[in-house]
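To keep things simple, chains are lettered A, B, C, D, E and F as they appear, and every chain counts its residues starting from 1.
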Amino acid sequence: MKTIKGPAIFLAQFLTDQSPYNNLGDICKWAYSLGYKGVQIPSWDKRCLDLQLAAESKTYADEINGIVTEAGLEITELCSHLQGQLVAVHLALDSNFDNFSPAGLHGKPKEKAEWATQQLKYAAKASKNLGLKAHGTFSGNLMWHTVYPWPQRVKGSVDEGFKELAKRWLPILNAFDEAGVDLCYEIHPGEDLHDGITFERFLKETGNHKRAKILYDPSHFVLQQLNYLDYIDIYHSYIKMFHVKDAEFNPTGKSGVYGGYQDWIDRPGRFRSTGDGQVNFKSIFSKLAQYDYEGWAVLEWECCLKNSLDGAKEGAEFIKKHIIKVADRAFDDFAG
Amino acid sequence: MKTIKGPAIFLAQFLTDQSPYNNLGDICKWAYSLGYKGVQIPSWDKRCLDLQLAAESKTYADEINGIVTEAGLEITELCSHLQGQLVAVHLALDSNFDNFSPAGLHGKPKEKAEWATQQLKYAAKASKNLGLKAHGTFSGNLMWHTVYPWPQRVKGSVDEGFKELAKRWLPILNAFDEAGVDLCYEIHPGEDLHDGITFERFLKETGNHKRAKILYDPSHFVLQQLNYLDYIDIYHSYIKMFHVKDAEFNPTGKSGVYGGYQDWIDRPGRFRSTGDGQVNFKSIFSKLAQYDYEGWAVLEWECCLKNSLDGAKEGAEFIKKHIIKVADRAFDDFAG
Amino acid sequence: MKTIKGPAIFLAQFLTDQSPYNNLGDICKWAYSLGYKGVQIPSWDKRCLDLQLAAESKTYADEINGIVTEAGLEITELCSHLQGQLVAVHLALDSNFDNFSPAGLHGKPKEKAEWATQQLKYAAKASKNLGLKAHGTFSGNLMWHTVYPWPQRVKGSVDEGFKELAKRWLPILNAFDEAGVDLCYEIHPGEDLHDGITFERFLKETGNHKRAKILYDPSHFVLQQLNYLDYIDIYHSYIKMFHVKDAEFNPTGKSGVYGGYQDWIDRPGRFRSTGDGQVNFKSIFSKLAQYDYEGWAVLEWECCLKNSLDGAKEGAEFIKKHIIKVADRAFDDFAG
Amino acid sequence: MKTIKGPAIFLAQFLTDQSPYNNLGDICKWAYSLGYKGVQIPSWDKRCLDLQLAAESKTYADEINGIVTEAGLEITELCSHLQGQLVAVHLALDSNFDNFSPAGLHGKPKEKAEWATQQLKYAAKASKNLGLKAHGTFSGNLMWHTVYPWPQRVKGSVDEGFKELAKRWLPILNAFDEAGVDLCYEIHPGEDLHDGITFERFLKETGNHKRAKILYDPSHFVLQQLNYLDYIDIYHSYIKMFHVKDAEFNPTGKSGVYGGYQDWIDRPGRFRSTGDGQVNFKSIFSKLAQYDYEGWAVLEWECCLKNSLDGAKEGAEFIKKHIIKVADRAFDDFAG
Amino acid sequence: MKTIKGPAIFLAQFLTDQSPYNNLGDICKWAYSLGYKGVQIPSWDKRCLDLQLAAESKTYADEINGIVTEAGLEITELCSHLQGQLVAVHLALDSNFDNFSPAGLHGKPKEKAEWATQQLKYAAKASKNLGLKAHGTFSGNLMWHTVYPWPQRVKGSVDEGFKELAKRWLPILNAFDEAGVDLCYEIHPGEDLHDGITFERFLKETGNHKRAKILYDPSHFVLQQLNYLDYIDIYHSYIKMFHVKDAEFNPTGKSGVYGGYQDWIDRPGRFRSTGDGQVNFKSIFSKLAQYDYEGWAVLEWECCLKNSLDGAKEGAEFIKKHIIKVADRAFDDFAG
Amino acid sequence: MKTIKGPAIFLAQFLTDQSPYNNLGDICKWAYSLGYKGVQIPSWDKRCLDLQLAAESKTYADEINGIVTEAGLEITELCSHLQGQLVAVHLALDSNFDNFSPAGLHGKPKEKAEWATQQLKYAAKASKNLGLKAHGTFSGNLMWHTVYPWPQRVKGSVDEGFKELAKRWLPILNAFDEAGVDLCYEIHPGEDLHDGITFERFLKETGNHKRAKILYDPSHFVLQQLNYLDYIDIYHSYIKMFHVKDAEFNPTGKSGVYGGYQDWIDRPGRFRSTGDGQVNFKSIFSKLAQYDYEGWAVLEWECCLKNSLDGAKEGAEFIKKHIIKVADRAFDDFAG
């Protein structure tokens, strides 16, 4: 049996323009002071690293690793959610995602997708240079606007959608394979890969590509009422990354899953600071231990109520408390 | 106290090109034979009536009523879901809804909306000519493509959306007010009015228009996990139409509310023949009786498994059994 | 194993001044026409019988039985809820119950109690004369005004209360013993005997009187959230009468068990027509069959919504469907 | 989509020595009179047929079919639970099962197993002669006495057990394959094949034998608290027979699953007449329809309370009501 | 957003005649040592303060504040439950409440009510002198003895009761308004204001008096099975005080809500030390944060099992852990 | 009221051949360092003590007590599960339990039982010499192989089984009575005493022997879905020992209670480190406090995932946190 690594923290939501949250070294020291052992790095944020440079220069990658190591931490993985999103966007919704790309590409769908593809290839190489084994991203969304089947979908449109999605991702998956890195899709509403079924269809269209894996984040399953514990039983062999993020869903007589266009704080489904929501992390950590998950437990933090610094601090303690140091021998069930 | 009227049946899903399902007179006789007392008529289906004519000719309206009466039934209400939908469609998704309009208007968003608005005005007058008190429709969807807040919505876009929605509907609401008919929006995923919150926002933007009402169909609340019983407690004064339609939601480790782009039969949330799903109709009929709902209980039928004729037959019995003939005196709680 | 008798109907709530509900013979014929096999008779209602006369004249009792038999029915039991209530009333609340006694006694607590005691003694003899084996009543309430312990109860007051209650009832219990009839207290909020604990305390104070038994009515347990199935497991040997009466409890954010002084229709806990509430009668009938209950299943009907005639009609069918005709041999569990 | 066949009835528990329950023709007429369309026949009961003869003589088989047909019914399948049990019995418990074999074999484990194996081979041929497609049986139990792992099991003993079990069944499975008949194991506590896991292990040891299938009976899953609905999702492709049998499980503070050596009527888990238990048959019939199960729905009846004739009568109505006549076209989800 | 203030402690149940629990200064120091930041003071307990003097002398009020401040704490609010109770008592139950008034008034209902009214007016002025913004009390109970509607209530009696209740409280509410202090009724069984419905009726009878507010204590809602979370959604704008008090409700087959006249330790509903009961405080603190509650979280402690000093100590930690320091910026939902 | 003693730890699963876990003195010091106050000693493990010697020599017993006391602890009780098991084993399963006896007795059922009986008698005397009040053991299993009633049990076999069981245990119970020590049977699947019913039947057969008591371990009730809280309500007067051991039961569509012969880690029911399972210890400790349990709370630890040293450490904290130091006075429910 294997013991999960952690606690680690995803830096994306903590980076600001104030010290110590405005550069990699300082934010790592802050994270260390809270008890973290690893950091997950958003590859789009220059305050952390220059992705292209990390892909092209082993020396630079070593420097980045050095900064993190000096703070007492490890890099757990890189992430490329914003770029991954742009690999596949339906034309109808293209403008909604302009902000994720360089200003020069706004309004140019094709160029945005090409830019994003290149970014992902850099991410593969950068991960390799940094000595990492997994990478987190989003799948993009060619079909999400049809997620509720009204009006009825055109026959065959879903098959075509997955084929196109696989076509766009296969070169990237191959790049990750060359780099020896697993490409983990965060399963997330708004993305074409938003549940187990869609992951399976995508996987099949990629020819069961051996690098197509899952970033498991139960908060997104709470918000769609998917059974996130059974999910682990079914898909554990694909789970190579893990976000410790909490959420709650409290439907009322006024609103349900769709949320009535309300702000996060007013929606029945909303993200909460770790431990403040409904996710049964005790069972999740048990299942991941049972299935020999050997990656990291990485805090991802968003809460509509609590301040982020308490969230980061409590998150380190929460994860530490939940990691099961596994037994080195089977228990001796002699009796009672 | 008042006793709900029924059973009635919405004809939309039963009309075909075979006798007796291919003209109003015959299908009414078939419905009567099953025990129905009323029919709800889709205003877009020429096999039932010519909407414009019914709006413009009291004589024609009387003839329609005559056909129904002769079969032993009453018209409960007209419906205009397809036309209502076209009153407001976001440009990005416009082509998805082309089929709801005359072929000549396909690809012409503005013309479609104008056509739809006219249709609704006809519906108001036709309802008046037919002696009806309520009318059912859809709100259309200017914002639905942003229902999951990823990427984040532009600040103010929801406010603007509802203002625009109200602007388009106000002339229609006024037409219905002139006709003395309540305009009941079916609260439905895919439409901007998909829960209580969105109905409230819309209502407010219409200046609490006295004809803006609700067509209550619990099946759509099961599929979004909204509490459909509390809904009645909150909104009962707006409920002027009622669809008896069943549904079930059985999430798994593979799929949840969003359904993974699967067909209806494979989705965790799906419609079922009346009585075969999870809707607690016993409590619904109790609440409607308690709140003196005096409209009709109208079967709407869609099932991914059962054949429609059994559905229609069982539906009549089901509704009949559930209607509570209310007491004419309070019970005398003397004891035990 | 024994098969429960039924369906029967408690006449109290159906007697009116209109035919056929205004005399014993006619109302019995009406009950028979609905499928009932027995009637339970309120001993305070002269439209059914003269209690004193039935106690004093075997001939009169035979005539009463004759009227019922002629209609095709049996008398299941007599009831004396109103008189039993008056056996024990706390002085502070005495005026609330004046209506249950002859006008001349209003405002005279002691005389009312004496009158009530005499009534119960008549009921014992009348039951004997009618050939009955059980009788239903209320315990009265010396302590109910202290049911919520605010302010704190005076030490010892509960012990004293039960002693006084037993003292009042012992002569009556003895009269029933002489008559060979079980005296069954309906366990009911508002009465001192309102749950299992209070029945046990009373029973103990009567020296475990062999005629002190229970009239089981699950509706009153729903309204106090007592586990009415476990209740049968614990007290089945005392249950000698059974009211088939339904209820529901739907607490909200506005009101709970205490109901906020609202009318029945608005209270979270309320009585419903048989089958329309939450009582799990399937399990109740199973348990009573398992424990060889050999008495009657008697509809008691109160509903805040439905008309009483539907209630009576559906009740007969409901009870008939729920009575388990028990096996005459154990099943042969050979396999599969 | 396909419509389940039924209602049918398993004759085993209804055969007695009194007319009309004492010979195949008469009992079939009785079954027909209740509304059944098929009978499932216990192959060990001479009142129904002579198994060896039916295997060896097509003429005799035709006569048997003729008797059933004449009564207006079909044979759904043969069953061999008692003989199947004897194919594999652990020596320690051998004497417990003597009664299932001819008297001359009692106390002779090896001979009993050989006799049982021959019986099963006859069953294969008899099924073929009768034109049947499936056959129901038990797996026997080499390991059941170790089902609770106290004391700890010897390492490897489970592997060996399944190997031995498969070794005994493979010749029989081959015989069924020759006959073109599926061999369906009823998954049942007390048998080595008592859940999904054990079926999978057995299947694997048989080299995924194409005739190794499942007789699905949810009552046995209620009694072990296995999720019988998920079971269908996982194993539906193996389910070729279906027993409609009800059960309930009501654990208390005194007893749980193991039942404390009590009689059936007192156990927390017990069988009940169809509709009187806790099995969610509405969902079972929905799932079987969804997965295109095309076999029979066969009442198996055991109840610790109700008489069997009511059970048979109500069972026919129950199954009839639950069979979903499937749609011949997908519903037209135009709207609301 | 606003952060709830606390932890604070209600002193009533901790005051004794032993040091340090026998005078305001010492008990405040003890509370401070446990981590409390505020104390809520029972205005009837001379060990804390002289209410009349605090109303009449700003100097004295300043001294009281000085004692508390010196101990490192603040006064959160004064309370007058005992006096508030006496403002309105039904005659039938008057003697039960004698102990709450000075000995000379026992048995004199009218004088007791006048005394109580004066006490409340003092409480208003004392609160003003102490610089407080809210005050906690009980409504009294004119109708509680009729809370279970048996016998049926006299028509109109509830309306009259609320009118009388409002009439008694209006002068007091006006006094509080002059003092600029909210008068918060603790919603509590035994009081006329025992749920949301009764608060609404009272509020209406006071002409929606702007000082009529709520002291929210979820323990009293657990014991009547009212939904205490929905309660916040509905009434949050009225909640100006908050008791952190825990409770549990475990009904059995022997007893339910009414409790069978048992002692607290044996009742299905009973109070428990904070964190030992069933109240979902995580959700309560979340909702209060969401609705910008800006008052104090005050421990009120009663437990039928645990010693009070552990209760006080654990309570401080419990409240501290549950207070959500709210975010100063909305989270940046960029991704994952 | 009384406060439970603890935390204590059962040494059986922690003894190894490595220091400090290989002798009583050192393992006690280790336990003390974790916060334990008592140790429960497996009487079969020579690393702890020589049972016969402790029975025969008060001096030796004092030395043992001295070793424990010196480490800062007390002995809570001795246990004899392995020997108790051998007092009664059905012949069919005899070989499975050979390992619990000295090698020379393997294969000799009668001699094993005699040896075991002698061991238990030593345990009684040793407990007396050590000044202990209770002793824990297993009942053995004469009937467990028939726990699932397939095939049907022979009439009368259960009665005979309990008679035989009582016959074997009566001399031992008498020996414990002479020693003034309660003999507590751990209620456990696999043993004849596995629930409340079987304990009751055994107790009755022993003539309600005053030393026949219960070792309460809720983990074994979780695994058989027995209501372990109601169990305390029913049997609290017999509970004289208490194992704090956790477990979980998560049935799936593949497996239920019986577990499919899987290893512990894969079974739906499995033991977990204290606090990691589903046992509601908060309610258990409340009930034991309510019923004045005055024995020890002893950690028993088995977990299929976590390492044992974390288990022991967390267990001490867990028990300490859950022990309720009871109140020395009833709370003063003055108000709110």
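What we mean here is this: a residue touches a chain if its C-beta (ideal position, glycine included) is under 8 Å from a C-beta of that chain, and two chains touch if they have at least 3 such contacts.
These figures come from a predicted structure and were not determined experimentally.
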If a chain touches subunit A and subunit D alike, it appears here: B, F
Winner on C-beta contact pairs when B-C is weighed against A-B: A-B
Subunit C on subunit E, rotation in degrees - Cα superposition, rounded to nearest 5: 180
CA centroid of subunit D to CA centroid of subunit E, Å: 63
Centroid distance [mean C-alpha coordinates] between subunit F and subunit E, Å: 46
Between subunit F and subunit D, distance of the C-alpha-averaged centres to the nearest whole Å: 40
Where subunit D touches two or more other chains at once, by residue number: 149-150, 188, 230, 233, 252, 264, 333
Residue ranges of subunit B touching subunit A (in the complex, touch as defined): 92-93, 96-97, 99-100, 143-151, 153, 158, 161, 188-190, 192, 194-198, 200-201, 221, 224-235, 249, 251-262, 264
Complex contacts: residues of subunit A adjacent to subunit F: 1, 230, 233, 282-283, 286, 289-290, 324-328, 330-336
Complex contacts: residues of subunit D adjacent to subunit C: 10, 12-13, 42, 79, 81-82, 85, 136, 138, 186, 188, 215, 217, 243, 250, 252, 264-265, 271-272, 276, 300-308, 310
